[in-house]
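Read from first to last, the chains carry the letters A, B, C, D and E; within each, the first residue is number 1.
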Amino acid sequence: MLFLQLLASGIQTGILYALTAAGFALIFGATKIFHVAHGATFVIAGYAFYECIQLGMWWPWATLVSFVMAILAGILMAVFIYRPIQRSEGSFFTVFVAAFGVSIAVQSLIQYFFGRGSVTVSSSLTMASEVIEGLYLAPILAVAIGVSIVLFGLVVLFLEKKNAGLGLRALSENPGLLEAFGLNAKNLTVLAFVIGSALVVPAAILTSISIGIQPSSGSKVMLISLAATIVGGIGSLKGAALAGLFLGIIENLVITVVDTQWSEAVSFFILFAFIMFRPSGLFGASVKR
Amino acid sequence: MINYILNLLTLATIYSIAAASLNVLVGYAGIFSIAHAIFFGLGAYAGAQFALLIVPDVLLASLIGAVVSGALSLLLALPALRVRGEYFVAAGLGLQMVGITIFSEAHSLTGGHGGLVGIPPATLFGFDVSSPGAFLAVCLVALLLSLAVIQILMRSSFGRALMSIRDNESAAESFGKNVPLLKTLAMVVGCAIVGVAGTLFAFNLAFINVESFTLEQSILMLAMVVIGGVGTLSGPLIGAVFLLILPAILTFIPFIPPTEIGTVQQFIYGSLMAVLMIFKPSGIAGKTGGK
Amino acid sequence: MSNVLLSVRGLSKNFGGLAAVQSVDMDLQEGVVTALAGPNGAGKTTIFNLMTGNLVASAGDVLLHGKSIIGKKPHRIAQMGIARSFQDLRLFTHMSVRDNVLVAVEPESWFWQPGGKAAWHQRLETVEKALERTGLSAMADKRAVDLSYAETKFLSLARILATGSKIWLLDEPASGLDLNSRNRFINILREATADGVTICLIEHNLDVMTQLADRIAFLDQGKKLAEDVPEKVLRDPELIAIYFGKSQSGN
Amino acid sequence: QSGPYVVGTLFPMSGPNAEAGSIYTNAVQLAFDHIKEDKLLKGNVEIKSADSLGTPQGGAIGMSRLTSVDKAVYTLVGFTGVSKAAAPIGQRAKAMMINGGAVGPDLASLSPYFWNIIPLANQEVKFLIPWLSENNIKKISVIYVDDALGQGILQELKKGLPETGGTVTSAYSVPPDLQQFSSIIAKLRSDQPDAIYIASPNISQIGHIIKQVRDGGIKHQLLTYGAANFPSISKLPESEGLIFTSQGADWKSDQPIMKRFVESWREKFKTEPTTYGLNYYNGGLLFGYLAKGLEEAGKPVTGDTLVEELKRVGKFDLAGGEATFHDGTVTAAMQINKITNGVTEKIK
Amino acid sequence: METKNNRAATAADQAVSALEAKNLSAGYDDHNVFENMNLDLRKNEILCLIGHNGAGKSTLLKVLFGLQPYSAGEVLLNGQHIVPSPSDMAGHGISYVPEGRGVFPGLTVKENFALALWSAKMTGSVADERVDEVLGVLPKLKDFWTRKAGQLSGGQQQMVSIGRAMLCKPSILLLDEPSIGLAPKLFQDLLEPIRAVQKQRGMSILLVEQQVGEALNVSDRVVVMKSGEIIYRGVPADFEGDHAKLMEMF
């Protein structure tokens, strides 16, 4: 029963990871931008939702505002931070440091306006009850599963049915050539940021309900997203999502064998192991050396 | 005032050593390490334990720090030989996170979260060098030596070989470069030097714990290199001084209510990092213009 | 028959189901320029990669001075005196032109180079000579990325020139060069052969091929179809049909 | 000669613990406002704030700045790592330091210049154990961060519980920045303890644990130490029924100093006061008393003279009652609190 | 050179310019590659642009397609002033085949085509029709229709690149050194279908080449560029058998 219980909580954790990781993977896969500030988008989305609820807004409207804010944040970063850097000699690390600077700035802005503590949106969704003997589940698990499947399905459908998915793949290979095809690489980059940033919104909202969110929550989100992107295989949206789920489940299950203080490190140990023994990840194409 | 400045300068010097050593990996060998704080920490713990248990001689302790850190750098060399670019960044991340947990759990070696307290004042050949001025001098000498080593190595055929590997591994191979060996050597050199920096850090603070060796610290070191200018000699120094002194200067901004100082500082700090990268993408000391 | 420096015997390479090279035999004779011709995808570059250890052969052997070098690491093979260029150049983009060449002169890079000052000056001289011969002296301090297309082609050659290797494997070294540069390029290679360098050349440009090659080995779908002096190969109606086309440049 | 006296504050003003930093700063500010109103001192007091970032290195730089640039003679610090890094620097500069927030037992003897105006955590546990046995709470599970605080509490529980017939049934060590506890909660459920003790130095982490334990359907009694005085814990709906120890602080007390503190706090910050606020308020007041004594004796106000004066006087009228120091640490009355309907009430 | 005779019949056509550069100047950060450049590509002709390495040929093509900004002058399309941008140009039925391998290696041939169709905003039966036509002209493409473009040999990739450019039924085709790395026969095989289409429905082609011999064989007019200036305008016949004259130009 302990196993089942851990599995259930693992799935709930994993879904949050999967959503944020998919967003990061989409952005990184398409634009090769190591979007460290993805965590900042997450925090912005979470606080937007929290503030709206505090202002007495009906939750669907709050969700909408949260989406708008996250997408706006993504677009602003793409246009005003990454684009100018990439235009000049933007090495991998230049982008990295700039994005890191943005994360710090966003974190301090949120602190300034919304305080430093952790904020939580109260909801009855998080109350667990005994489903079968010894197994406690909260309705939020079902909500999380439902929302993530729907959203993920929508994104996959959009990418596969519309040519946008093709465009994003092409963008990752050769943005210059895209222009020669008569397509606009800038717009596609923005599109990647829009979808990628939107994907963190449900995770941010669910987190603000189930765990609570604080200005510094972003970094964990970013780290796990990054780990899942690599474990899943760079360029594979499905891979990143499954890897996120996988890491979440492992993180919970692992405490049946090791002490609790190691549970977080296990994710990164897995990451390390993947890089050593299967650098292409779960679904990636083989890695060029 | 003078002690504060000496203290800041000492820290800036120590971080300059760390950043310069990271530059060997990032700038010359093209090894994108974000686990450098772990090796900084290894040097700090090794040096501090040596000072606590045997003798607080800063030279001997630094050597121990360098050896321990350099030897354990082989851990990171392993993935460095297998993968490159963003994959290696992720490997470094993995090592960083696992390493931090080990630092927190290995109580007998690191003191866990509580850390190592009461690291004795530094001596050198039996003379006390713990006064702010003397210790700064020790650190400056260490910095000069490290820079000299780095400069000599990087201008030698070794450095050229590393750079050729950075630019194109397979072409370097076809001109006779033993890529795995050279990469490993670069890793050992860079990590040994940061081990020295770690030992000096431990002496300087007289107290160390895991909080000084976190991912943020690794990223800070990286930011120093990138903001200063990757692959240049002066870049890491400029970056280290800039990123350490800047927050100190920001604290002198008047009219900010004390409760908001930190937030405002962090905001300026973060924004400056981003803005600097937009307008000086190759760093303060880096070559600009061109491609 | 002159001295065979490098030879391959029954060399084969499969990529999954694709047989890229199928039991090829070939000899490079001292001082002779052998052109490796064949349609796109014939397996020419793959043969180079097998010779230099960049790829592991599925079967067959590569012999240098009669000794097998199969299974050796690329850097070992390079140190044994085989220099190669790449179809996509692979310059050391962020190093100066001079350093690009200098790297090629220092085969074993430890923390120091043996020989002290005298050897160092010797190496520098080698570099300057290579730069001069390829016409790059004026831009020795430019970074490789800042060179124009033709200059990158010459830099790729300068690196090889400077190694002092006696066996050169050149993969489409003159493609895209204009008439003038192409002639200059051909002259440098001619001088090199006069100095006793053995060249194996992959080239699609018939002018370059006819002006340089002493022999042409013809490859198609991984198999060697012919190897002979240019006059014969270029007249082979079968090869004209699959490769040289109707407007064969005899001129 | 008579001022301005420079008093430093070295708190995390950014990062995850900044919430604490701003409360501490407010409290110190309040104390000096009162000192000024009362014209207690001839000289002016100037407060200089440094951001410790909550890290040792930040603490070292901040302390060095406070002592050497601002020439602070008396600095209020918080957080264990920061305190440990700041102590040698303060000692070198002969500046007095007062900790009112960190409760790691290893802070007791850091330096002759380093004083704790907060009872350390092991004292709190000692006070709690008899109450546990009185209320028939025998089996305790502990979630702790493996630092001086957590270890101190765990050891004290392991030592004290058996004496009254209780046990520590399980102990889960967590990293200090962990936010997700579902797996531990699953284990707790199968452990079936009578109560769960939470020992983390990270305030928001305690909040996360409480919420997630309750969400997870675990109804057992929750216990913690004085950190629960922070509004982000005490105002949490899930904290209903939480029991925690703290130093004695009766907000309804008639003692004039206490009354004034509570009233000004409510008026100025529109929140309920906390023991941390109280401690740092007392830390500020303490300086006022020490400096006044020195002024009267015609002595200069330096770190050394302040420490001397503290040792000489020994007893001080602070908010909440008379305080004495033992082992560099204040000995204060303890109390046990319970949160009912969002209000913290003293139950013992 | 029978083409020229064919073309003579449509001389009126040729007088009208399809794409024209007027006093155009362009370059990179630190230097101008060309100034006051005048060039016109007439309706239904193949114009061969040759010149030494670095003369500025590729730069001119990029400017005309809108991939590179210009600092002065103007671009005329069918006599109308326009400011070129890649997406507009594609919309106007202009296709560009860049130097090097102009395909996305990770996408299949089919996907490369789909991308081009998306760019031309062609869907449904119109798109199918276009694909059928291009496959009719380049039947070999069918053989590797579902393979990743990166796995094809250089020549096959070039074929895909050209096929892709023909998809949007271009009225103007800008070809930058299509011969690089191609076997001689393949290059000829590639030029033939283009010529066929051109004959069939008319198309203007600006061809940049270093394989001067082959290129002149198929061209109507020739322009020689040297260090950013046009130093010669004429017809291929001018150079026939006169290698020395050509060499002078470089």
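Here is the rule we go by: contacts are C-beta pairs under 8 Å (C-beta built on N, C-alpha and C of every residue); 3 or more make two chains touch, one makes a residue touch a chain.
In this text, all values refer to a predicted model and were calculated from it rather than measured experimentally.
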Contacts common to chain C and chain D (chain labels): B
Best-connected chain pair, where connection means C-beta pairs in contact: A-B
Most remote chain, CA-based centroid, reference being chain A: C
Chain whose Cα centroid lies at the greatest distance from that of chain B: E
Length of the line joining the C-alpha centres of chain A and chain E, rounded to whole Å: 44
Geometric centre distance via CA averages, chain D-chain B, whole Å: 34
Where chain B and chain E are represented by their mean Cα positions, the distance between them in whole Å: 53
Where chain E touches two or more other chains, by residue: none
Chain A, residues touching no fewer than two other chains: 108, 111, 261, 264
Multi-partner residues of chain D (each touching 2 or more other chains): 14-15, 18, 22, 146, 175
List of chain B residues in touch with chain D within their complex: 1-5, 7-8, 11, 101, 104-105, 112-115, 117, 204-209, 211-212, 248, 251, 258-263, 265-266
List of chain E residues in touch with chain A within their complex: 65, 67, 86-87, 89-91, 95-98, 102-107, 111, 114-116, 118-120, 164, 168
In the complex with chain B, residue positions of chain C that touch it: 52, 54, 73-75, 78-79, 83-84, 86, 90-95, 99-100, 102-104, 106-113, 143-146, 159, 163
Sites on chain D touched by chain A in the complex: 14-19, 22, 146, 172-175, 177-180, 182-187, 189-190, 203-204, 207-208, 211-212, 215-217, 231-232, 236-237
For the chain D and chain B complex, residues of the former touching the latter: 9, 12-15, 18, 21-22, 25-26, 29, 47, 49-51, 53-57, 60-61, 64-65, 67-69, 80-81, 84-85, 87-89, 93, 104, 106, 110, 145-148, 151, 175-176
